[in-house]
Amino acid sequence: MAPQYAPSLRSRLGPILLFLQIGFIVIFAFYIEIDNEQIDKNKFSNLYPEFQDVNVMVFLSFGFLYSFFVRYGFSGSGFNFLVAIMATQWAILLNGIESWYSRGKIRVNLRSLVVAELCASSALISIGAMVGKTNPVHLILIALLEVSGFVLNQWLLQTLLKVQLLNSIMMLHIFGSFFGLMLTLILHRTESEQQFEKEKFDRKTGLFSMLGTLLLWMFWPSFNSILVDDRGRKLGVVFCTYLALAVSAVTAAAVSVLSSPKGKLNLIHVQSCVFAGGVAIGLSMSVVHEPWQAMTIGFTAAVVSTIGFRYLKIHMLLAFHSHDTFAVLSTHGLPGLLGWLAHLLLQIKDSDDHTTAIRFAVFHICSLLITISLSLSMGIITGLLLKWNFWRPQQDKKCFDDQAFWEFPQNAVRK
Amino acid sequence: MAPQYAPSLRSRLGPILLFLQIGFIVIFAFYIEIDNEQIDKNKFSNLYPEFQDVNVMVFLSFGFLYSFFVRYGFSGSGFNFLVAIMATQWAILLNGIESWYSRGKIRVNLRSLVVAELCASSALISIGAMVGKTNPVHLILIALLEVSGFVLNQWLLQTLLKVQLLNSIMMLHIFGSFFGLMLTLILHRTESEQQFEKEKFDRKTGLFSMLGTLLLWMFWPSFNSILVDDRGRKLGVVFCTYLALAVSAVTAAAVSVLSSPKGKLNLIHVQSCVFAGGVAIGLSMSVVHEPWQAMTIGFTAAVVSTIGFRYLKIHMLLAFHSHDTFAVLSTHGLPGLLGWLAHLLLQIKDSDDHTTAIRFAVFHICSLLITISLSLSMGIITGLLLKWNFWRPQQDKKCFDDQAFWEFPQNAVRK
Amino acid sequence: MAPQYAPSLRSRLGPILLFLQIGFIVIFAFYIEIDNEQIDKNKFSNLYPEFQDVNVMVFLSFGFLYSFFVRYGFSGSGFNFLVAIMATQWAILLNGIESWYSRGKIRVNLRSLVVAELCASSALISIGAMVGKTNPVHLILIALLEVSGFVLNQWLLQTLLKVQLLNSIMMLHIFGSFFGLMLTLILHRTESEQQFEKEKFDRKTGLFSMLGTLLLWMFWPSFNSILVDDRGRKLGVVFCTYLALAVSAVTAAAVSVLSSPKGKLNLIHVQSCVFAGGVAIGLSMSVVHEPWQAMTIGFTAAVVSTIGFRYLKIHMLLAFHSHDTFAVLSTHGLPGLLGWLAHLLLQIKDSDDHTTAIRFAVFHICSLLITISLSLSMGIITGLLLKWNFWRPQQDKKCFDDQAFWEFPQNAVRK
């Protein structure tokens, strides 16, 4: 039998990238201006180092985390990079729609960039569920639609429920993971029931992925605190995120060892679940004030996340045909829900009277319901769009394989 | 003969991690509070980027440096991460004992975190001597005891000799390396006399280790200067550390080539000895004011360190049965002693009269003697504790081997 | 036939490094002093994080980018590191000549270090053309001569044409690439016409190189903006560089797919050409004020750069016998020229009257001519010097091979 090649993306990827990019340039030319006047000089210097931390997370760490698979390193890191760039540009535009509507121009500053990158990171989480089973055209479509949905969700939360930006943007973990989950349900491949042939790692790709993990872990306090303006509050968020992450890492390792029959650590469990505390604190940071609260949340999140990864992932696959590559449900979805719950409970505990407590609870539950329903429905729409063969999905045999998308070694250097 | 498996750590590592972590959470709940009030707003913004530099060093760079061995990458980076987290939490508590004693509460801020991470890094240095020959339970015990000893040492130096924090904390290089040395003596394995079967590197692990090295090298100026409050002085420390490191790197390469019969560079010599200048400046920074002094110290430290690595390491092994994996004696101990000596000489030179010079010399020598004796005795205690088979050390054949501790590739991803 | 060993560098590299390093120490001892007095305290804190970004680029990212070749990782990253250190020290001295001449002392501060590292990075670009075909002695000579030429060029531009530092220093891309090009012409090796045996990459080295690429890409805004003092202007430069880089990355991927017969991405094209926008903005940043201008420049630069890499590199090799390893002509030279042109056009467009426009054009063209001629002539001088066999070049078969310079694995650890 002749070898089967993956379908060429020349007539898909190239034109789509050029079309979108030129489109962005044209729109930027007419509607974007740099917000030079209102600049608070100290703010720029204070924000810039954290902005670079977030950059490292969005453009590098996620990509290296996704380079876990033995033959998928270039795609894991390269496509993440590409997608993050497209999603960030798109998010700058979408976030500016309101100010464009009222003033005819979108003014951007460093803070807008940061917000756009946080929106992009919600798309990167969704992509975690689809790593290895999609081509770059799919990924770009996922990213654009996911970011659109996420920005719409934020707008709804802010308009209908007066949720603050700081709280609504941290819904990115929940939105991203449920969106990704819906994609795995709709874009199910039958081969995923047995293991994909190339869905495995080796000693070196595990280390690249460790690099991504550690960078994400270290800079997570910047991720959570970057939009907090009050300096005193910022220290609190940094400190609580740091402690929650520390506890998560230790707990993830402990649970991984305890749940392994041979008493060994599982690299991918540990790598994915060390963030659980950071995710949960992200969703509850406005009410977490004591270190021990942060640590307890981090502990619970890591237990839920690690056990979810070990047992839920395979169950989801067999029962629901949902092959969730990086188990985003367990690593972002569940810790996110837990953080949401912690927010609810702490806020109720802090309330003076019943009325405010109940009012808050109603609002809080509504904001979750809106987020999840929008996320699921956008996921369904996106999934159905991607089922179209026009986008040239690779064959099952070419899943988790760089060779489908990259010119390969020997003769690649010269010419 | 049936294959021999490494002993399962399920009943050791899991419970110990959970016990310690839950213990930390409980203690934090009762005694730790965030120091929000006294916050100097500018200070937070100024400290935060350097704090992240130190984070990169402690959580990532040391680990990747220790990922040098061909089958030990996951353990090298992963265990370093775990140990750093435990040691940091433990150090936050220990450093706060005094304020707990006087006020009943420990107030923490970003600076406390930094100090705790510096204490943790002294444990990471000790671990350098034991990389590959210990299991994670050992490493955690080493870290906790080392940090306890180091904090005690600092307290002694500050109470008895009025040594400033900035000087006493930089003793971490000397304390860590002598502590590690004592462990190698007590926990000697006979196989180490021949080379361990898996104690070797390859092209790729060498590069991971290079990554750790370069990150350590670049951020060392932050490591030395982060606790310096005066901004003018800070520039001096940054500049001197930078120059000393630069000279060290060049000198280490030159000595490595000159001492090689075939005129080739030795990767691990260069990687370990480029820091010698940073270490030496760390111990002498309060008296080094001229760039050339820093450069000369860096030069001498690199010569001593590289020659020590090339000739002393094997000599220590054969004569004293001390198998010091990353030669912490040569890479931290000797440059540390050199820095200590430089401090002494420069301070004496700067003194106006004999009395102060002699008084300083006595104090300075006492502080070294206290540090070394405490370090050696804590090392002996720790070593004896670790000899206990209860901790389930791996067999000699499983040294430098990830497979003893990590679920391995193929079937690790699914389930 | 007996195996051929690469010539030993013991009697070359060691003495040269020691001689230069001791020489630097002596000169520093007499002429360098730290500029403590005039320090603006806020400036230090504001500059330091960006300084570390530039450090990462100069010492780490370039090196990892150059670790692309399968057997050349240690040399790629290690020699880059060594060269960057030597070049930085040398540049500190050369940049200080003027102040030494007028005041007898060279005062250095953090800004001097940054300027020196930017000068060093021009040498690192030149080296990109020679990676794999030179030994470390060559590289150090190249670096010292290139930096000398570049500093001379800056002095000429500032003295003769009153070009501002911010503009003259960004000529580093043009100077570095033409210098490197001249070296490839003069130091031609016949085997390069067929592919060098070891000039290829694999899945893992590609990822190391990806790491270098992403770090360079992310921190490029710091590289362009670090010397901009005005905070409002700085935001503009950061923002424009960021957008130009984003557009470049997308465009490089699109052009790479479109120009590949099989519709696949080419890793090295993408990695090298994602910077094109950053380079071009570097040369035009003082006149680019609108985001869309930056994006258009980024777009054009990436198209030129990617097409140049795909077609020009092989053409240069066959027609001119110029084997330009990392195609610095296409990746730095052409985008640099494009940025220069954009500067010219935008400045003319902004001019009110013809006279100033023409005067500016003349000055601008002169500055380019001076830069290119000086760069080419210094390249010729350096190339001729390096042809001397005294420096012991490796044989063709030992090109792109770490084994020529590094003690190799198994027995390297012990001893």
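First chain written, first letter: the chains are A, B and C, and each begins at residue 1.
Assume contacts are C-beta pairs under 8 Å (C-beta built on N, C-alpha and C of every residue); 3 or more make two chains touch, one makes a residue touch a chain.
No experiment lies behind these values; they were computed from the predicted model shown.
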| Classify the inter-chain contact topology: is it line, ring, star, complete, or other? | complete
| request: Report same or different for the subunit A and subunit C interface, where same means the shared residue numbers exceed half of all residue numbers found there. | output: different
| request: For subunit A and subunit C, let me know how many angstrom lie between their CA-based centres, rounded off. | output: 34
| said: Going by the contact rule already set, what residues in subunit B reach two or more other chains? | reply: 45, 49, 204, 211
| task | Could you please specify the touching residues of subunit C with respect to subunit A in the complex? | result | 42, 45-46, 49-50, 53, 195, 199-204, 206-207, 210-211, 214-215, 217-219, 222, 231-232, 234-236, 238-239, 242-243, 246-247, 249-251, 253-255, 257-258, 260, 262-268, 270, 289-292, 295-296, 299, 310, 313-314
| said: For the complex, give me every residue of subunit A touching subunit C. | reply: 5, 8-11, 13-15, 17-18, 20-22, 24-26, 28-29, 32-34, 36, 39, 41, 44-45, 48-49, 52, 55-56, 59-60, 63-64, 67, 70-71, 73-74, 77-78, 81-82, 85-86, 88-89, 108-110, 113, 204-205, 208, 211, 402, 405-407, 409-410, 412-415
